[in-house]
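Order of writing sets the chain letters: A, B, C and D. Residues in each chain are counted from 1.
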Amino acid sequence: MTGGRSDDVILKVEDIDVFYGASKILFGVDLEVGRGRTLALLGRNGAGKSTTMKAIAGIAKPRKGSISLSGQNLAGARPDIIARAGIGYVPEDRQVFAMHSVEDNLLIGTKPGLRGQRDWTLERVYDTFPILARMKDRKAGLMSGGEQQMLTIARTLMGNPEVLLLDEPSEGLAPIIVQAIGSLIRTLRDTGVTIVLAEQNMHFCLGISEDAAVIDKGHIVYRDTIAGLRANEAITKRYLAI
Amino acid sequence: MFDFDALAACMSTSACLVNQATSGLIIGMLLFLVASGVTLIFGVLHVINFAHGSFYMVGAYFAYTAYVVTGNYFLAALVGAVGAGICGILFERLIISRVYGQNLLMQLLVCYAFILIVDDLVKIIWGAEYLAMGIPAEFRLPPFRIAGGYVPPFYLFLVAVAVCIGVGSVLLVTKTRFGKIVRAAALNAPMVSALGIRVNIYFALLFGYGCALAGVAGALAAPVRSLTPGMGLGILVESFIVTVIGGMGSIPGAFLAAIILGLTRSIGSVGFPLFVDGAMFMIMALVLIFRPTGLMGQGEPR
Amino acid sequence: MSLFIEFRRDLLIALVGLVVLIAIGLGIDHAWPRDFLTSIFAAALLAMSLNMLIGYTGLVSFGHAAFFALGGYIFGLLLQSPAFTGALGAGSVPVALVAAVIGTGVYSVVIGAICVRLTEIYFAFLTLAFQMFLYSVILSWVDLTGGDQGLMGGIPRPVFLGIDLADQYHRYVFCAVLFVACVMIMRIMTESPFGYTLRMIRDNATRAAFLGVNVTRVKLICFVVSSSIASVGGVILTLFTSGAYPEWAFWAQSGEAIFMIMLGGLNVFLGPVLGAVVLRILNDVVQMYTSHTEIVIGVVIMFVVLGLRRGILDFVKDWWVEKQQARLAAENRNGQE
Amino acid sequence: MKKTSPRSRPGMDRRTVLKGAAAVAAVGTAVTGFPAYLKAAGKPIKIGMPTILSGRVAILGESSVASAKNEIRKINEAGGIEGRMLELVTRDSRAKPDEAARMTRDLVNNEGCDIIIDAEASGASFAVNEVVRDMKQFCIHTNSETSSLTADPKNQVEWVFRSCRQGIHDAVGGGLVAAKVAKAKGLKRWATVSPDYAYGRANTAEFMEYVKLFAPETEVITETWPKLFQPDYTENVTALLNAQPDAVYSCLWGGDLVAFFDQASLYGLFDQFTAFAVNLGDYPVLTAIKSRPAGVYSGSRYHKDVPNTPENEAWYDNFMANSNVLPTNWAWQNAAAINFVAEALKKTGGDTDTMKMAEATSGLTINSPFGVDGTLTIREEDHTLVNYMVGYSKTIVDEPYVVDFDRTAWSEIYTHEAEWKKRNGYM
């Protein structure tokens, strides 16, 4: 295992440019994620983390470059096709269906995985997220931020993804909740799902991810293991304000 | 302008009450079917389907042809509904989906164009002459007498079907996965799409369902109303009034408003016959002034 | 006075336009151009005044033809009343014209005060509702309006200041002057600070309110002015057809006006005029070949809305602006090198 | 040939166009029929017909056009007028008065029509009336039954005529028949259900006025006024049920009448009251109503047995052989108008000058299958048609749909019409 790379690359992002209107946000971004591994995509606010995640999920359309999942090119495809190809996306601002109950939110997310597997059932989700089981009939809009974050992750899991994109799951939450989410992500990682975790906070990622990439002003400036990143003060000081 | 004596005389006899109440219900239920389609489509897709009356017309004509061919009215009604639904899906996919999110003006114009085209097509296919289906044999029965009033069996059937469809629509939207997805997509389509759901298909199906409701109304009206190109216009204006009074997006609201309008018409025809239309517009104006979201509407105020 | 200086150029253009219109009308020994242009004057005033609401203020009214019809009916009814013409004699026509404009203005104050507070869709619906209300009043009040048959028996037009509106040349010139005058009023309205306020409300009403604009009042003023101008269109059509008809208050008349705006272009001042001309010619030409005019016009609308996605003049304007920008960009590059 | 109106003749149009003063005008004229101006001699006599070819009334407009075309074909096959053929140019006004006015101007100014046959319904014919008055253009109204169009002196124009039924004639005829039936069956309490617009109100008032005149013991206990083209008549049907009258009068027409009959029969209305429907007798209405009730009194429209003559039968067969629509009341009225025009043209030697045509048409009597004793006359005093078939029949379920035609004598109509005119200050 060298430089956080795996021979078995499941998700590969090559040289993508993304524009919002006339302004260019991503400049030739490259990423590789190994099967079953967890990649932390780090960077300051506005560095391009969320845009990268949106591009992978198909919500932002790359103007050039390719995104492939297990060799299948998905760049520019509709979000639902990408989702059915096995990429589960958890957006940064949670976006629960506020007028629906918790259980309805989960039902909307339900679909078989790429190989037809239905590993994640309501029971398993309620097992993993006991708090959701208690609140299953409550309107999602009435839940706290942390509970909504749990719900969005659970909702995406109901679609049995191969790769889970988590966009700043700890943002704006109380420390104790952040901890709970951290341990949840570790649990998920142990089930074998591949995770891409966009974060500002490197320390949050330390115990969770193996690999790391750093993005700044739309350019990837670092790609290796998280341990290597921790050791590289030049990078962390310059790009992560630590 | 007001004939209170006639109104009082009517209110004091059970026969008149029964007659006017059933008459109000019948008028109201057909309006409700059309309006519930308008309100459903607006609630989810945020477009006003100004062409909804065309699907009412198409449903009536399909039902007419199916009845002429098969002689089975129930089958004909089904053909009317499904035919209008399919036309609705095509209209959504090919035309209206291109102006989603655009300003009202664009939506208005494509619908205006669609109305012109469909009216002319109907004229080419079925002719400009009015057609009449006639009462199907099953319903050629003398009217029931209830408390001195008259209630034709066909109208009982019509009201029953409308109520069932209304309840079914509410259940479809609130209880089924389809309805839950569609409602979620109405508020946040990209998120629903990111969960692997083909939102476009759901939108098209919903649009088709809304049009099928208009088609059913057309098919139910076909035995008693004469079929002409352009017949959708009148019911369109009235169903908009119902939609606005009930609250855009609310099916129960449309139901309530349709009954209010139906009764206004039937009671008005006794008490203030010349002012019936005026009264409908007046109710709509009052609702818009004092409760712009309608009787049961939620959503953005004003 | 300052208005004259500020709008010197526009006034000059208007004057030249008027001279050209009159030259066409009087110089050609055939009634058709006069008839054609007179009906265009009426339709274009309806469409242009509506565009003050739609294009400039962002108020999509679906009931503008009500004011058009009201103007025509007030004008026609006054002139048909022997008491009125008897009392005013030669002054009948101008007084009836003023009364039609003011009467429509007053009515539109009432309607506008209720409607302009509402947002887009509800505004459209309520204006439609009031229009259909007026329509049903016109149909039902047979004693006054003649119901569906409209104002019957012709409309007397007493000679005033040597102008005999029963003579088609006089009538044409009179209508042309009215038309150009109204266009000039709209031009001044939309290019003055008031016009900029309207556009600010269209683009961001909240921000306009923040900057101290009384949004409701400005919208109402615009609503009333545009309704009054629409009534002049109705007066012209009344003079032309020598009658007034309930169809003018029907919603399809508003729909047609909206399409004229869309067809010609809603971001160009004279766009609706072009729309009116194109629609009329289209209608006439199609009619010569087929009775299925609706299907053809429907397809044209689809093409304009889904294909061009804007009106003809908007298209030309965008194309021109793009070309200018490309030229500027090229110049900048050259300058940098 | 002195013209008071500055309207130009076709010969001038060419110069106009050549001047190229208005590019648009050039395009318009070139498309319309430039070649027509080029053949100066022996050019056809053009008859312009604004009518209704779309919407709920289209069937009537179509039968008008079919009928006019058929008569023109017969005339042309017989050699035309002085060697010139007749040619029909139609325009669809969509029943809008202002469109009709514009179309009429267009037919004269651009198509170069010499004669206008105004085949519009009431609303638009008043608009056309104003246009032809303004343009000093010879014109025959063929479909508007509203009495005031020709009876009211303020609408009368020297060069304008009417070749169709007039409401007041039918009202006198209907009143006489209804009064007879009312006396025989003891029908005292009457109700009316008619469309809420000028024609409906005027027609109903006139009918009931004459019923009361001839049977004074009758009274109108309720009136219900559906809107024109109203889809649902339930409220009107229940209003009649609540009132429980002995008899009902209706002047609903076309698709509205069909819908009303279908909806009313759900309530068994026609088993409870005697019904009079003046507009029921037209073929397209009779064939469209599925639950055709028997025993309804229907006014005279067009029927192959009314009058029951070989000429009428022959006309019907010829019409059916040459057209794809059914003949209507509007069909015979337009056929008659074309025959009047042809006859007048023969008198003027093919000259289409407005005043000459007006002089030739005023008081003109022609042979016609639609007239009493085989003739129709356009009366000199008010330029309106007389001597056509007026009366009521009774419906039966199957063909020929109506039987027992009870014809009203014109002498009676004249007497009552004169009184009516006096009452209204028309003479």
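To be clear about the criterion, a residue touches a chain if its C-beta (ideal position, glycine included) is under 8 Å from a C-beta of that chain, and two chains touch if they have at least 3 such contacts.
Please read these numbers as outputs of a predicted model, since none were measured by experiment.
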item	value
Touch-network distance, chain C to chain D, counted in steps	1
Label of the chain whose CA centroid is most distant from the centroid of chain D	A
Central subunit by CA centre of mass proxy	B
B-C or A-B - the one linked by more C-beta pairs in contact	B-C
Whole-Å separation of chain centres (CA-atom averages), chain A against chain D	77
Chain A-chain C separation of Cα centroids, rounded to whole Å	56
Chain A and chain B, separation of their C-alpha mean positions in angstrom	45
Interchain centroid distance [CA atoms averaged], chain B/chain C, Å	34
Chain B, residues touching no fewer than two other chains	123, 274, 277
Contacts with two or more other chains, residues of chain D listed in rising order	53-54, 196, 227
Residues of chain A whose C-beta touches two or more other chains	none
Pairs of chains found to touch, sorted by chain label	A-B, B-C, B-D, C-D
Residues of chain C touching chain B in the complex	54, 60, 62, 114, 117-122, 124-126, 128-130, 132-133, 136-137, 140, 251, 255, 258-259, 262, 266, 292, 294-295, 297-302, 304-306, 309
Residue ranges of chain D in contact with chain B within the complex	53-56, 58-59, 62, 196, 223-225, 227, 229-232, 234-239, 241-242, 254-256, 258-259, 262-263, 265-268, 284, 288-291, 325
Residue ranges of chain D in contact with chain C within the complex	6-8, 12-13, 15-16, 19, 21-22, 24-25, 27-29, 31-32, 53-54, 91-92, 96-98, 101-102, 105-106, 109-110, 122-123, 126-127, 130-131, 133-134, 146, 148, 152, 154-155, 196-199, 201, 227-228
Chain A - residues contacting chain B, complex	57-59, 78-80, 82-84, 89, 91, 95, 97-100, 104, 107-109, 111, 155-156, 159
Touch list for chain C against partner chain D, complex	24, 27-33, 35-36, 39, 139-140, 142, 146-150, 152-154, 166, 168-169, 237, 240-243, 245, 247-248, 277, 281, 284-285, 287-288, 291, 293-294
